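Two complexes are shown next, each including subunit A; its partner changes from subunit B in the first to subunit C in the second.
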Partner chain A sequence: MPATSSSFRDGRGFDRMLVWITLTFLIVFSAFPLAYNILMSFQSVDLFTLASFDRPFVGLDNYKEVLTNSATDIIVKNTIVFVLLSVAAQLVIGFGLALFFQQRFPGATWLRGLFLAGWILPGLVVGAVWSWILAGDFGVLNWVLQTLGLTDDKIFWLSDPTNSLYSVIIANVWIGVPFNMILLSVGLSAIPDDVYEAAELDGAGRVWRFLTITLPLMRAQLGAVISLGIIFTLQQFDLFAALTQGGPSNGSNVMQYWSWELSFQDYRIGQGSAVSVLMIIVVIGVAAIYVRSTRHEHAA
Partner chain B sequence: MTIRTILAGTTALIAGPAFAQEQVELDLWTIDDPGEYHYVMAEEYMAANPNVTINLRTVQFQDMVNDLARSIATGDAPDITYIDNPEVALFASRGMLMDLSPYIAESDVVNVDDIFPGPLASVTYEDGIYGLPRGANTIALYYNADLFRAAGLDPDAPPTTWDALYETAQTLTNPDENIYGIAFSAKNSEEGTFQFLPWVQMTGGNFDNIATDGAERALNLWKQMIDERLASPDTLIRSQWDSTGTFNAGSAAMVISGPWEIPRMSQDADFDWRVALLPVPEEGAERASALGEGDNVILANTDQPDAAFAFLEFLYGDMDRVWNDFGYLPASNVEVVDPKYPEAYAVFEESMKYARTRGPSPEWPRISGAIQTAIQSALTGQQTPADALAEAQDTISDVVN
Partner chain C sequence: MTAQIEIENIDKHYGAYHALKNVDVRIPQGQFVALVGPSGCGKSTLLRTIAGLETITSGKIRIAGKDVSAAPPRARDLAMVFQSYALYPHKTVAGNMMYALRLKGMTRKQARARAEEIAQITGLDGLMDRYPRELSGGQRQRVAMGRAIVREPQAFLFDEPLSNLDAALRVHMRAEIRKLHDRIGATSVYVTHDQIEAMTMADHVVVMRAGVIEQQGAPLDLYDHPVNRFVAGFIGSPAMNFIPGQIAADGRHVVLDLPGAPRLTFDGRRPADEPVTVGLRPEHLVPGAGDNMLTLPVAVVERTGSSSYVLSDTTPPVMIAASDRLQGVERGDIQVTIKPSLVHLFSQTDDLALSAR
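This part shows the complex of A and B:
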């Protein structure tokens, strides 16, 4: 008893307790659902067997069904386009804004804070706002484009399958830019000014300073922002639900939304789980990159 | 405090004999909000039957199937619930609903012959009757009589055939004024199936026989109306409620939707709106319409089957007031005295006679999904209507057999 209390006092027991709280939390809320999801992807699961473990195993049937589905090609392609374009645009615009607000002008920090407003809005609210902007017949964007004389005809952003994916991407970029900007701003302010001053004295121009100082010193932040961007983008569900429901005709369907559709609209939960397992594999790869790119920070 | 204790004591003494009757608690799940059907009816029932307590819980319409399945699995299921009519077969086929036929046989209130064939088919699974319709709805063609007059059309002669519908939509379309000839919903959801299936049924097809010439003709007509901008391309993503919103705003001259629109329409639409039966393929062809609204069902594992059925009987017995009080059409043969919106009521009442159920099939969500996919891939031009319907037929045949 004295030993325990002293170990608690000197911190080791307390440390253990904290670790166990975290571990228990992770096991209950992350590891268990993950394992359960993987289990379900090998079983035939419908709504009524959801709560019992006693379900027929079907081997790889769910994966076969999912991969040979006639919609698979377009959905996988859409997912790749969605992630690549969203992350690239978020990064470029976010980095640009971060550099812009790094210039010391009156109200810079204040304005930068305002940008976060977009990021804290719930996805469904953002989706509702964008669905008014992008509406075909009465949308704000079409009105602007037509008033400026950029288009003669209305563009059906959400109901034309050639546009609908890009409409969701536009909204998703809008959501993601503030987060990218803030994270990159933090990295930028960590670069000491004297490095730039020294380079300037040596005659390095703006572009040269950016390429030889800013970019290399920002490598860890960029790696983190890109991997988090990919993960957040693969999680993006609300916008699809609010804007296009993956339609029309799967024109804007992506794997995360499809997984939900299979599970909770068609009640083919095994197949829905299979899709999410496939996504988990991708996310684990991305997370590995994220861990590698942030490891240096802890070492430093 | 003391006064209240004395009062409570006295009440207990006076009310004593009434308590001889056993206290019953019923759990009821509904998609209604307070002030709507189930809440109003439950309150009236409790007032008339003090020994019954009904605990209501509102569940979102789209969550009902999920929540119900989960609650059955965990043993927390209610005694009575509302289910949308195509889902009854899903639950009945798994033995999760109580077969009401023995109770109905004894009942003085419920007579199966009075229930319209569509609603009756929706609660029938194999040999049992697993629910009682709380009401019904169906779809018809709303039109803007003012725009008819402005376009030189006779507002007393709305289109009755598909060809006439197409021509009328063409005449009424006015891109300069931002007016589409017609609005409907081809959304990738149950609403799309709900709107499309009657067109197929009018030509002799049905959910399990969807790759027919008639269905192809219907889908071609839909496609033509969207391609020629007689209907907005947003028809593909608009719900019936949103489509009717454009009609109320004067941006569409006709719309296909149901009686649930009337309260809003009579407020928002500042023009002479009227209703007509859905047009048929050609003069004299078979009529069909969609059947909406849901059913009151009793869960198989209820511990109060008698009390639950007594409440269902009460609900069913008030069928003659559902139109005026709640905006549903009666699902059985009752006389509605002094209906609100009498002209619209007459049309919808007639349309009810042709309302056909979706299914029934325990696999309805997948069947409906295949139909929605066919509609969407044909309307977006990814497949020809014939190919899209053939593919849907393949999926449906797999599911049905």
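This part shows the complex of A and C:
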């Protein structure tokens, strides 16, 4: 008995156990749902067949239906706008703040830490807060704009189809900025001061130092932040649920919310799965870019 | 010779901390100047104020006659070699060397040609397309040098450039930097904590301590005529022996506070009965009997082949450095003599050298 327990600790048994715990977790909670989702996207699944595995295969029918749906155009367009604007704004504001907090001033690290508070809040809470800020009748934003004299009338941020998507983008940017800032701050502080000093002596001004030293040395971090930003933005569900529910009339609907609507509101589960499979393909492409950019980081 | 870099009574405060105190140095065109001192003495701060990386609180810095006290680093036309080399990690060797040239408005082709030319001098040809991470420490050091030389600046600034290299390479690069200096003839300011580097490379050595220049001059002047006990102990290796003593009533002898109270003659006259610190360089104590002799009990003998070191069993211990093997000296006493002109005397009150009067 002592022999087996010591061989368990010192031999390969312990290593194997650790690997199997991880693998089991991944298989049960990631691989199985993923495979099941892909399977369902080729089947006709409704409330009656949900409980059994024996469901009729329909080939690519679900995909055809999803791609020819009258709402598809606006939802795909919304998704692209949502991702591009969110990631771009998060990156620019996050990088700006990272550069700002890189300056040494009293309380810089302390203030930077405070910014993380926004990121650790649950999405639904952030959504609730923003729904008050953006509310048409009693919202703080309208009050501020009117008090400052920037607008005369109330703007219906959430219920006007031309504004609703941008309202969600504003809230999503607010959530994503701290993450961008922290990751980029880490990258910035990894650049040694004397490299900047050398560039300064070589005759480079502030802007030129940023373009020729900071940006190229931040390539790995920027790649990571952009690809993670795209993935997080494609996962952003809570804000839509809390703010607009994709409305009005799909004005702020995006693929991740649509997939949920198809599956759990309309019970067209096969089509909902098809939408999510289409999104998985995009995410895999982005993830590949992310892995490549972090590999570059190790080489440097 | 015209002064290339003039540092006029500069002071530097970091809050309440007074980092540089009334520092005044004139560096003639083409001279190699070493700033040397223990860590925290302000030598790197002084170099960085010349570069413009630190501001000065008061005083003036002039480069080639132009007041640059408030000018940013890029307006000073100086090149610096950093301790960590500070190469651009994302640029090749050629890219590192071309960076400043491209900023000056040279075309890519001109800059590349100029970089290739300097690569020949610094032994970097064949490495032009490598990245810094693919180079050894010595090669990175050369890139840092090449990047400085390629610009043809008003002056070179070196911030302990050899301290990250191993001992053998350091000695080699020391000679190489000096050779390059002689070849290019540009003014150089070199910061080091290693007095051997300062003594062997520089035309002019500035010894600093706690933000103050203790003494500056030609290397052998500092060795022969240190103005105070600090400089005497800092310059020279192995370090000078310091023994308490008292000047005799005749003002021409000093009685050492060692067993047997030996008397040594020194040159000139000093105030009688003054308590002093006597400075004797280990290499000036010559084994053998004769005039002006000390008899010391031996504690340890170390032989390196080319030279031998004897440490005496006294308080304070006295170090003797001899160029022969001292056959037969193991235990018992050793007799050494010293020329009167080589006996240094320092006041016990302010550590200043007591000059003859």
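For this structure, a couple of remarks:
Here is the rule we go by: the second predicted complex is superposed on the first by the 283 of 300 C-alpha atoms of A that agree within 3 Å, B and C clash if a C-alpha of one lies under 4 Å from a C-alpha of the other, contacts with A are read in each partner's own complex, and residues count from 1 in each chain.
As a convention for this text, a contact is a pair of C-beta atoms (placed from the backbone, for glycine too) under 8 Å apart; a residue touches a chain by one contact, two chains touch by 3 or more.
As the structure is a prediction and not an experimental result, all values here were calculated from the model.
Clash-free side-by-side placement of subunit B and subunit C is the outcome of superposition onto subunit A. Using the contact criterion defined above for the overlaid structures, shared-chain residue A:136 touches subunit B, although it does not reach subunit C.
Of the two partner chains placed by the overlay, only subunit B lies in contact with A:249; subunit C stays clear of it.
Look at A:159: by the touch rule set out above, it reaches subunit B but stays clear of subunit C. Between subunit B and subunit C, more residues of subunit A are touched by B.
Annotation: apex subunit A, arms to subunit B and subunit C, angle 150° (C-alpha centres, rounded to a multiple of 10). In the superposition on chain A, A:113 makes contact with neither subunit B nor subunit C.
Of the two partner chains, subunit B is the only one that A:52 touches; subunit C does not reach it.
With chain A used as the common frame, the shortest Cα distance separating subunit B from subunit C works out to 53 Å. With the contact threshold set out at the top, not one residue of subunit A is in contact with subunit B in one structure and with subunit C in the other. Residue ranges on subunit C touching subunit A, taken from their complex, read 51-53, 72-74, 76, 78-80, 82, 84, 86-90, 99-100, 103-104, 133, 147, 151.
Those residues of subunit B that touch subunit A in the shared complex are 65-66, 69-70, 72-74, 94, 96, 178, 187-189, 232-237, 246, 251, 365-366, 369, 373, 376-377, 379-380, 382, 391. Listing the residues of subunit A that touch subunit B in their complex gives 47-52, 70, 135-138, 156, 158-161, 244-251, 264-268. Here subunit A touches subunit C in the complex through residues 192, 194-195, 197-205, 208, 212-213, 216-217, 219, 300, going by the rule given at the top.
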